[in-house]
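Going in written order, the chains are labelled A, B and C, and every chain counts its residues from 1.
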C-alpha cells in the first residue's frame, strides 16, 4: 500500500488554495496551485524510458524516451495518429505498454507492486471531451473522487472543490449539471476537478480540440495561469500559441516516435527534422 | 450423480421426437413466421401510413398483443377461432378447426405484432437526412422508399427478423398447454409414459440449445456481412 | 353466434367454496404480481452482475458472462421451467431433493428462481449495451481520478448506464411479468391459470379471458406510468 515515496495529500493538508481566499469571481483571484515544493528526490517528475507499445501487430509507440522536470511545461505535438495521445495516457497507465518504463515522481508505473489508483490520484488528467460525469452536479463532480479516493470528509472536499471552481471563474454554476454548461465551461470544471486532488503533475490530452473556436481562449487562459503558478504539465495540443507562451520544451511525434525534443526557442526557431518543419508550416499556415 | 438414470430411453424415442415432434415445431415455426411477417408488414405500413384511424387501429392491435402473455393469447384463440370460423362460414354452431390450425392462427397473429414493431423501427431508423437527400436529388416518394430507405432498412431489420423467428421457434413450445405434440410435447409425453422426466427434459433442453445457439450464431455472422458501414 | 354471455358470473361463488369468481381472478393477479416482483429482484441483481462481467477487461469474466447469456437465452422458458421443477430436485442429493419437493408453494419458489435466472440473461444484455454505449472516456476519466475498477462502475458507469437503459429495462420488466403465465405449467395459480380454471368450471370462456386481458392491460399501464415517473425523477438536468 505504501509503495509511493511521497505520502498522498491528506485531508486538511495546508495549501495556498485551501486557505481562505477572497471569493472573487474571475481567473485572477489567486494562484491555482501551490508552487511545487523543492524536490524530495533528485531527478524528474516524469521519466519516460524506451517505451514501446503494440496493438496486436501494429506498433503505435516506438522507443519513446523523454523527461519532464519538476515545474516544467512540455507541449507534445504531431499529426493525428502520431501516438501522442497514447503516450500521455501511458504516463498514468490508462494505456498499458509492453516495453520500457515510466517513472512518475519516483513511482514506477509498470511495476507489479505499484498501487495504480493511488498513483493516478496524484496525476491530474484533462481529456479532449471533458468527461465530466453527466449524472452528477458540478459540485459532486468536483468532490466525488476527493471523498471516495482520498477519503476526505464531505465538508473538506466541498470547500476545496468550490474554491477551485471559483478560481476557474465558475462558482455561480456549482449546482448545475454538466449538460447545462458550454464546452469551455465544462473543460474548466474538468481542470478544477483534476486540481482538487492536489496532483503533483497535470496531463492534458488535446484539451481544446473538441471546443468551438470561441471557447478555446477561456480554457487556455486557465492553463496559462496554471503553468505560471509552477505546475508541472505535459500537454498534447495543436495550440502553438499556447506553446510559445508557456512551454519550456516542445516534443514532436510522428508515427509513434519522438522525432524532436527541443526547447521552445529551438523548436520554433529551427526544427531540425524535415517532418517537424512540414508539420509546423501546415499548422501555422492557416 | 446420474447412475440411476437411463438415457437409453432417448435413443428409443428419437423417431417419435424428431419425426413427429420436431417436424411439427419446424412446420409451425415456418408457417407462423411467414404469416407473421406478411401480416406484420401490413401492420407496420398501417402504423406509418399517417391515415387517421388506420394508424391508431394498428397501434392498438400491436400494443394490445404486446401487453398480453402468449399463454393467454393461445387460450383466447383456442376458444375463439371456432366461433370466428362459424361467423365466417355463416354456420350456426362453432366450427371445429383443430388444435394445429388454432395454434397457427395464434402464433401468426401474435408474432405479427412483434414483427411489425421491428419493421417500423427499421424504417424509422433510416435518418431523415437520407430521405431529404433522396428528395433533393429529385426522387419521388416511392423512389425514395424503394431505392434509398428500404434497402437500408431491410439490412438493419433482417438480423432482428431472424432473431425474432428464433424466439418464435422457442415460443412454439408453449403449445404444450394445448397438449399438442410439438418437440417439447413429444418429449413430455415420453417422459411421463416412461417416468423418465430428468432424461427427457435434459435432452429437450440440449436440442433446443443446439438449434438456437447455432441459428443465433449464423444470424450474427449474417449481421456482420450485411451491416452497412457508417 | 350462439354464445350466451353472462357478465354476472364474476359475482357468483366459485366452486372452490370461498369467494366469487372475481376473488379467484384477483387471487391469481396477486400471485402474478408477487412472482413478477420477486423474480425481478433476482433478474435485476444477477443480470447487472453478468452484464458487468461482459464489459470487464478480463477474458475469463467475459467468457463467464457470455456463457451465461447464451445458455439462458437459447433454451425455451417452458423447458427451463421444467428443468427447475422436475429435474433439479432429482439431481440434487436425495435429502435436499425431497425437501425441495415437499416445500409448500414449491411452484411459486420455482417460478421465481426460473424467471429470475431467465430474465437475468436479458437484463445482462441491456446492462452490457448500456455500459458499452457510454463514451470510452468516462471509464478513463474515472480511472484517471484514481477510482478502482469497482469504484468506476459504482460511481461513474452504472449510474449513467441505468439511466440510458431505463426504457428497455421497463420492457424486460413487462416481459418478465407476462412470462409468469408460463408457470401455470408447473401449477402456479397465477392470473392466466385462474382465468383458465374459471372457464373450465363456469364455461363462460370469453368473460374469463376478457377479465384477465383487462387486468394484464391495466398492470401494463400502471408499470408504464411508473416507469415514466421514475424516468422523470432520475433525469439529469441538461441531459439528452
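Quick note on the criterion: a contact is a pair of C-beta atoms (placed from the backbone, for glycine too) under 8 Å apart; a residue touches a chain by one contact, two chains touch by 3 or more.
For reference, the UniProt names are B = Glutamate/aspartate import permease protein GltK.
Small disclaimer: the values here were computed from a predicted structure and weren't measured.
By the document's definition of touch, subunit A and subunit C have no common neighbour. Taking the mean of C-alpha positions as each chain's centre, the chain lying farthest from the centre of subunit C is A. Centres computed as Cα averages put subunit A at a distance of 47 Å from subunit C. The distance from the centre of subunit A to the centre of subunit B, with each centre set as the mean of the Cα atoms, comes to 55 Å. As a whole-number value, the distance joining the C-alpha centres of subunit B and subunit C reads 21 Å. In subunit C, no position touches at least two other chains. If you check the complex, the residues on subunit B that touch subunit C are 1-2, 64, 67-72, 75-76, 79-80, 83, 86-87, 92-93, 170-171, 173-174, 176-177, 184, 188, 197-198, 201-202, 204-205, 208-209, 212-213, 216.
Residue ranges on subunit C touching subunit B, taken from their complex, read 1-3, 70-71, 73-80, 82-83, 86-87, 90-91, 174, 178-182, 184-185, 192, 195-196, 199, 205-206, 209, 212-213, 216-217, 220. Of all residues in subunit A, those touching subunit C in their complex are 89, 92, 94, 117-125, 127-129, 131-135, 144-145, 148-150, 176-181, 193-194, 197.
Subunit C makes touch with subunit A in their complex at residues 135, 137-138, 140-148, 151, 155-156, 159-160, 163, 236-240.
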